[in-house]
Amino acid sequence: MKRIGMLTSGGDCQALNAAMRGVVKGLSENVDELEIYGFLNGYKGLIYGDYRLLTSADFSGILTKGGTILGSSRQPFKQMRVPDANGLDKVEAMKSTYYKLRLDCLVILGGNGTEKTANLLREEGLNVIHLPKTIDNDIYGTDVTFGFQSAINIATDAIDCIHTTAASHNRVFIVEVMGHKVGWLTLYAGVAGGADIILLPEIPYDIEKVIAAINKRTKAGKGFTILAVAEGAISKEDAALSKKEYKEKVAKRKYPSVSYEIADRIFEETGVEVRVTVPGHTQRGGSPCPYDRVLCTRLGSAAAQAVMDEDYGNMIAMINGKTKRVPLGEVAGRLKTVDPDCQMIKEAKRIGISFGD
Amino acid sequence: MKRIGMLTSGGDCQALNAAMRGVVKGLSENVDELEIYGFLNGYKGLIYGDYRLLTSADFSGILTKGGTILGSSRQPFKQMRVPDANGLDKVEAMKSTYYKLRLDCLVILGGNGTEKTANLLREEGLNVIHLPKTIDNDIYGTDVTFGFQSAINIATDAIDCIHTTAASHNRVFIVEVMGHKVGWLTLYAGVAGGADIILLPEIPYDIEKVIAAINKRTKAGKGFTILAVAEGAISKEDAALSKKEYKEKVAKRKYPSVSYEIADRIFEETGVEVRVTVPGHTQRGGSPCPYDRVLCTRLGSAAAQAVMDEDYGNMIAMINGKTKRVPLGEVAGRLKTVDPDCQMIKEAKRIGISFGD
Amino acid sequence: MKRIGMLTSGGDCQALNAAMRGVVKGLSENVDELEIYGFLNGYKGLIYGDYRLLTSADFSGILTKGGTILGSSRQPFKQMRVPDANGLDKVEAMKSTYYKLRLDCLVILGGNGTEKTANLLREEGLNVIHLPKTIDNDIYGTDVTFGFQSAINIATDAIDCIHTTAASHNRVFIVEVMGHKVGWLTLYAGVAGGADIILLPEIPYDIEKVIAAINKRTKAGKGFTILAVAEGAISKEDAALSKKEYKEKVAKRKYPSVSYEIADRIFEETGVEVRVTVPGHTQRGGSPCPYDRVLCTRLGSAAAQAVMDEDYGNMIAMINGKTKRVPLGEVAGRLKTVDPDCQMIKEAKRIGISFGD
Amino acid sequence: MKRIGMLTSGGDCQALNAAMRGVVKGLSENVDELEIYGFLNGYKGLIYGDYRLLTSADFSGILTKGGTILGSSRQPFKQMRVPDANGLDKVEAMKSTYYKLRLDCLVILGGNGTEKTANLLREEGLNVIHLPKTIDNDIYGTDVTFGFQSAINIATDAIDCIHTTAASHNRVFIVEVMGHKVGWLTLYAGVAGGADIILLPEIPYDIEKVIAAINKRTKAGKGFTILAVAEGAISKEDAALSKKEYKEKVAKRKYPSVSYEIADRIFEETGVEVRVTVPGHTQRGGSPCPYDRVLCTRLGSAAAQAVMDEDYGNMIAMINGKTKRVPLGEVAGRLKTVDPDCQMIKEAKRIGISFGD
């Protein structure tokens, strides 16, 4: 008899259900007796013992379904050691639920923060397996995370739609893509969508160079310019500020995000109409794309094998096209960012894309 | 020999090219000698004599292409009689271009404003045919405008994406749909996307009733609520203001749009996290959907027949599934709005959708 | 207390679930006590008393889900009066189930055959309401059926995909579209996809004219031609045969369908490579498009009102943009076909589309 | 001054234009004087000197456009050394065109056959660069080919559509996926689409095991089964035949493809209705997906760098997320097939997918 706990934590994304289906199908086919405890709303369910016993019927037909059948919530790692309103120690509470249900292990789907908590639970002696979920693709130790390609598709769709309207009206358009700390999503959607200028958190921009890139296009007779701008894009000046100074500056900002600020500057200096589009949370939603479904089915199946092997404490990663177990202790807490000098940036620059640097 | 001028004016939308292809294919197959003058960037091209002679190659492969190969611009009707910076009378300039090129007629694709100018040109003695383009579906005298269904599809996609994330996080989500004066797009996308609350310019909302509708869902165990809110949604109090007072109030508004204001109020009164998504200009872009391609092919072909019949001064409308010539004089300047008591609103209310009234 | 039976019968299509959701939401909001009996697999469930009591949870999240949660099966009208293998009279069995469960009415979703049986049940004294479902759009008495637009979208997608490959290879491509008896789907998908030649059951084709249309394109320098051919497309010679002769001829046919036969003839006479694509059952599947979701929500809500009004014996139709109750006795058994002289065919011909006649 | 020849050869696929755009943009930004000779219809254009001088306008807006602006044709490698109808030696003719135009190099986009000819031209002393195009993903020396992911998406869409109809009708459905010699596309689309049984050319199937897998599902209460079958799927008996015997058997086959044969056998042994769907050429068509657009932009940009480095004789591959130059002499003529014992097959089997072996 295997008793498996499962939870999805952090911002949702498109293939969480597909990944859980992979785990459960992988186990059901190979383990005679199986109990799956689905904790509701992320770590919250584990803390407060809020769960549902899941049957294979729960996993039927969810391969293509976005969101998560378990619900999710954000439980910041930093607050895991802070007692809750009733004085409950959250970590001890999670351990208590785990032992009370005599779980063999926890399969935890989530991003960077989730992974840190998973690693903490591992250090506390629980058997955990982590599946790397995030549209941000910023989890260290795996080539790719699930949700990433589906989010690229949605952000690229937005850029594609904007392309026709930009071309018809000779305007500058900014599409703001999700990503506060890392620019993977903006980079891939920007290249896929044929953006002319791409601004990433990892490459602070010089607004003059951005404007120069627009003017270059205008001179070449191209009436419109499309910018793909990460939520966390930052100017060279702002990047030079201390964290505290920057926070203060952001707090004073007139606009909901940096894109509007950039838009203003461009309009001031070029006189061309600038429009901002913010696809926002749509980037996390909808049905997972086939790429993510394959990825999740493979990661889920590999996680099932790890459970059967009783090999715990790992993230199941995809590296060079193969699933692999990577010790959480080696990767938790590390961020995978875009290297400004990487090959893909060079390739993008070679075809004329400006990164404003 | 037929000499036809063509232009696309106002905000672009998805099936302008498909409609122009319909006109030109309809003429090319039936008129031996044909010259098509494509005026660039809407009425601007007609005013300043900026055009390209188009060949059938220009219309090959554009059935599925968004935007407009002629470019567009907004030329407010109100300013048509106001001389330009160089003292040029725009109406006289347009007439002059028309006569200089010895055009048989102008085929004009555009929305309400465009139609008013088209009607003015008709009154000035030019032969015009109007094709009703707008994602807003607010042109009087036709059951449907082109661009509308394509825009519904994009806005509905956004709501669909939001659905999975809302359901996973137990949040309230607002999707802001285009439409400052009329709510057709919001109504259709809202119903298609399964929105729980739909707010339209035509039905001023009572925020207490909006919140009651959310609370009703919460009590029924439904953790999330989705609102489809038109850009021009207006509260009962604001609707009671004079136009001037309202303008002043909007100018002072802290937020870029009413959706954020509504979000704040909901959060204040329910304590539930509210997120706003603004698909914005993506709603005008991308490839036209098959519905719009059929519509535009039919309208375009019907316009070609009107040219061959030398029957001018009409909008080509779609009424009860049939294309029909509707005199511009009867429809220009009139807006088609959502009747708060219409059958569809009743049907939507019957299944539990709240309009906040 | 209302006791409603519901079933979906015949070939499935995309918005069956959306329609049932509309009915049930419409009733749930307005009727205090409600029991919904969902009969499984169409009339079979009614005959053999195979049903599930449905709760509103069954209808949550199904607006966008293809297929039918009740299952379906084909139960030919002709065999309704033929006893089953055990000597059971099917009509009496259905009545017996109806009375045993003390149903107030049956809401029946299906196409032409389904409607005939629904009408039979009406004549036998049962309270029935019919919702017009079919991708074929051939139900008399309604402007449009649900499933039609979703199927158009899929068939058009297929033609769009073929377009790029046809253009690259200078080939003739045939896309075979569903529709044995009527050509609505082929006509709309053909026009939307920019097909050059459209062959419908209602307009017998002359193969020489088809080939002439291809040659005309070749002469005009267009290297490829796309044909949208209905499953039931028929040549003038075959149309002249008696039904029996035609059946015999079809039985002897070397190919799975007429498209291959046409392909052979074209190749023989032009020497150009011809490829056939058969999207087949994909045309019934997948998520309903926003158009169909609006349509079904409205029809479902209108059906709910009819139940509340205890007004039975009707199909809920969509006529000139309004839902309407149409007596089954007036429409059952009648087919809505494409009139070869209708406005849309003329418009299509005007832009150069050949119908091979 | 750089003089570059470019051609696309073999079956078309979705991102050929995106790849060419990458090459040309990469060069245009970095090479002062540039002449691009676009040979029409693959090697045919090179043989007969049929080309167009391309400008950057030709590459504007084609990132999202399927097919190839240069046209394509199949020119089997085996016949390259066979003189044409007029006695012309094709290889010498290609060299002659190359030298007459004083080309610096040829950029050749194509699959395995194309690569062999490219390698031959290299051996003959021409400067060539090969970009690996094929929906089949069977080119040795690169992790992935362009067109593959776009084709997966289309084939998966087809399976998705079939899923809803299969589930509603309790039928067995076969979706026939492109791939005569290799099963990559079927494997990925099958896993992404949630197929229950996947049959590949690399894993000969035992029909009894296929039927056993269907029966297992039926016993588990699952009314339907979906098979993803490669065009080149082969039974164990047929795999045991000599190539000649097999060809003879295929020639006698009653059906257009193996899928129909499998369908018949399943029906005979289970009595369940089986339907076959053949998406066919649609799998090559339509707009490239974002994944392929990124891939092609990177490969194209890397090819541009190779031209600037005057480093010829390579395929530009994608290996472990990096573009890389791989000597044609090492890879031409080798096929990349699915290893029946590879990790992904094991992962798929673990979750219960049957490969009929």
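In this document, chain identifiers A, B, C and D correspond to the written order of the chains, with residue numbering beginning at 1 in each.
Going forward, a contact is a pair of C-beta atoms (placed from the backbone, for glycine too) under 8 Å apart; a residue touches a chain by one contact, two chains touch by 3 or more.
Chain-to-protein mapping (UniProt): A, B, C, D = ATP-dependent 6-phosphofructokinase.
Since the structure is predicted, the reported quantities are computational estimates derived from the model, not experimental observations.
Q: Touching both chain B and chain C, which chains are there?
A: Chains touching both chain B and chain C: none.
Q: Where the CA atoms of chain A average out and where those of chain D average out, how many Å apart are those spots?
A: 31
Q: Distance-wise, how many Å sit between the C-alpha centres of chain B and chain D, to the nearest whole number?
A: 42
Q: Taking the mean of the CA coordinates per chain, how far is chain C from chain D in Å?
A: 35
Q: Note the residues in chain D that touch 2 or more other chains, in rising order.
A: Residues 160, 167 of chain D each touch two or more of the other chains.
Q: Connecting every touching chain pair, does the picture come out as line, ring, star, complete or other?
A: Drawn as a graph, the chains make one closed cycle, so a ring.
Q: Going by the contact rule set out above, which residues of chain B touch chain A in the complex?
A: 8, 11-12, 14, 16, 41, 65-68, 71-73, 154, 157-158, 160-165, 167-170, 173, 223, 256, 275-286
Q: Which bits of chain D are touching chain A when the two form their complex?
A: Within the complex, chain D touches chain A at residues 22, 25-26, 28-30, 61, 63-64, 143, 149, 152-153, 156, 160, 167, 188-189, 191-194, 289-291, 293-294, 297-298, 300-302, 304-305, 320-323, 343-344, 347-348, 350-352.
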